[in-house]
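Chain nomenclature is as follows: A, B and C, assigned in order of appearance, with residue numbering initiated at 1 for each chain independently.
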Amino acid sequence: MEATLAMQTKNLDFYYGTFQALHDVSLNFMRSHVTALIGPSGCGKSTLLRCLNRMNDLIPETRADGEVYFNDQNIYTEDVDPVEVRRRVGMVFQKPNPFPKSVYENIAWGARINGFRGDMDELVETSLKKCALWDEVKDKLKQNALELSGGQQQRLCIARAIAVEPDVILMDEPTSALDPISTAKIEDLITELKQRYTIIIVTHNMQQAGRVSDQTAFFLNGWIIEAGDTKDIFFNPREERTEAYISGRFG
Amino acid sequence: METRQHFSNELHIMYQDVLQMGTLVEEALRKALTAVTNQDYDLAEQVKQNDHQIDTLQFALDKRCTEIIATEQPVATDLREILVAMKISSDLERIGDHARHVVRVMDQLTDSVFRETLPRFAEMTEKGISMVHDSITSYVNHDPDQAREVARRDDDIDDMHRALYKELLAMIAANPDRVETGTALVFLNRFLERLGDHVTNMCEWIVYAKTGEHVELNKA
Amino acid sequence: MNSAPEEHITHRHEEIMANIQQRRIRGKVWQALFYLATTIAVLALVILILNIFNSVFGYVLIENDVEPETLVASGNLEDMENRELIALLEENLSTGLIRRFNSEGPLEERSTEDLARLVQQRIINPTIIESWSLWESIFEQDEIRTTRSENSGTVLQFRSWLTIDFLRSPQNPRPQLAGIRTAFLGSLWMILIVMVISFPIGVASAIYLEEYARADKWYNRIIEVNIYNLAGVPSIIFGLLGLAIFVRLLGGITQGRTIVSAGMTLSLLILPIIIINSREAIKAVPASLRESSYGVGATKWQTIWHHILPASFDRILTGTILAISRAVGETAPLVVVGASTFITVDPDSIFSKFTTLPIQIYQWSARPQEQFRNVAGAAIIVLLVLMLSMNAAAIITRNRIAKNRRV
């Protein structure tokens, strides 16, 4: 079975003002795979993630040089609307941030503004079921989402992301604010979801990257040091710096 | 200050344990050889008792390795080194058993007919002891090349084993009333050849620890 | 052998306790200062309110042209029949006056109350000769009685200057008949106009500045600086501005010194405050909310309308209501723009001449008659109640909205 590319970056440089945060990043993201981006703080992994859905456009004085391909189309061109990109490439953030609306509305709103005309109740139920949240909240759909627990909120955010039917889901340290059980539930969810979506996850947690991802890319100071199958990287990395990082010999 | 100081300390202790086990095994083999050469039954008894010590050390080493894996989540090279430590410990324990086999056939080796084979056995044992020593050294020094070299020495032991085997068969044929003694010595020959194989096995794992590749160093 | 560590522990304990004591004492000093400051403030407030109340309640010495007892035995005009009252009116008042009353509403169809009031006003015609403050009324009763006995034919009455009639009556040169109706309605119209103009413009400007304007563009920076400066400009300058532009320049549209001119002037006055406050409210919306909205593919406007505005609305509303209640209390700019000094007709459109509560209070306090101080005091109470209600509305609204949104 041949894996196709869902997204790809080619020679991507990224600047915050005059500071270069990414250097010549070329990375492939396989469809229906989970790719983990790891590296010490400030290495550029979150920056790269936010380039993939043009979220960095919201920050003033930033510049991207190079290409980012989504389904073989460069999303950093004039005629591409970032709003469309963000619909096809969804995002889940580090701190769970559901809208201060009801659980139902959280999922329905995104779908509605993107022109969804079908059965909203069904969409909400399906999305929540896919995130293993339905049973826990089916009686609380009208309740304010902020009353849910942290783990539930994060799963709700994932459900919200998939309700608009993206192709790719970006996750920026999605479990770093959660307890181990919620973390485990979300990791299971990621493994479930990758059948339908391509997932790219930034994580600080080495073991999580090992548990959850198929491919891993190791970043350092804005450079990719090594990228490849997770099993290879964790069993026998090619680069000394990779080995030092994943063994925790520097952080 | 290196990070994961605790982890480093634990690994250091693990290597010490392996070294110590190696030392105990070498000592056992040497003592066995001396006991046989000098007909020292007290020493022979010591060898049998000390085997218990080797077994205890193996359990402790395995336990320590398991604990490190559980608590430190090692990956890549660290993980391989720890797994190899466990593999080596089981090989070393078997080698320790061979020392017992040597003293068990003490009487037979002093038999008038078979006495002349003693120097050959001594040589094989010495070779084995040095192989054990050097392989452990290559492990703690993370030196796969040395490990490979040690593995090659197994050929010598194999050659000696083959020659001795033919000789023993001839001796048994010539002295049919000494079959029991002869057979015991054939077994001993076998054990010493196996010792070499065990060390070669260890060397394969030592190469694996460093490179992640599994190599075949045993000749068929 | 164990005493050394024990001593050490005890010593540590003493050290720590001494340090804690010290910090506690410092805290207590500050606490005392804060209490003192609060007490002074509360005291000042209480004195102010008592002062006002002082002038609103008290004894008055009334002289009637005609004693009510001569008209009806009980002294209560409402005990009389309607036709008796009408007869009285027609006897004593000029035909012109009767005609005017009839045009406002035929006398035959009026209620007893109404007729009695007219008789009271026109025939009995009480004049207040002397009035005393509440303090004087309580503590200087002898003096009051002396004054009363010096003036025969007068009635001593304990009166509250804040009555329903006071609220219902328009201006009047005589203090006991003066009311704040025109002024109160003027203030209400003002609130309406100011709200309609300044709220949308203010909030929209804040949205533009905060969400759309790029901070590095020079014109945006000029706008920002100007807004912050304007918030500190004295209000009378706005009055002059309003005079020049709304009354004179645009006189054709605004019809000169009308409510709409005044309303627009006050709107300009509080616009910078509303913009600044709204901006702060919008700034306070956490970035995570914006990001999560953009993350599902929302446009900028969708994010603003569905997420940012609802999240900041309570603060925007509170700030706006507070700014408007400030506008309600403005006097100087309205004087310049031309609030009428004497007006008895209710405003009926935005192009009416007008007066407002603060202006009325100011004018009454400037009158020579003593009794106008009492009337001014009553008007002050009405103004205070109005402003308190607005502030209370602001707080309640904010709490209600905040409760529904954030958990």
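In this section, a contact is a pair of C-beta atoms (placed from the backbone, for glycine too) under 8 Å apart; a residue touches a chain by one contact, two chains touch by 3 or more.
Model, not experiment: these values are computed from the prediction.
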Central subunit by CA centre of mass proxy: A
Pair of chains whose C-beta contact count is the highest in the structure: A-C
Geometric centre distance via CA averages, chain B-chain A, whole Å: 52
Inter-chain centre distance, chain A versus chain C - centres from mean C-alpha coordinates, in Å: 55
Distance between chain centroids, defined by C-alpha means - chain B, chain C (Å): 100
Touching residues on chain A, where the partner in the complex is chain C: 53, 55, 58, 60-61, 83-84, 86-88, 90-93, 95, 97-100, 109-110, 113-114, 144, 146-147, 157, 160-161, 163-164
Partner chain B, residues of chain A touching it in the complex: 206-207, 210, 234-237, 243, 246-251
Residues on chain C engaged by chain A in the complex (per definition of touch): 214-216, 288-299, 302, 306-307, 310-311, 405-407
Contacting residues of chain B [partner chain A, same complex]: 2-4, 7, 73-80, 211-212
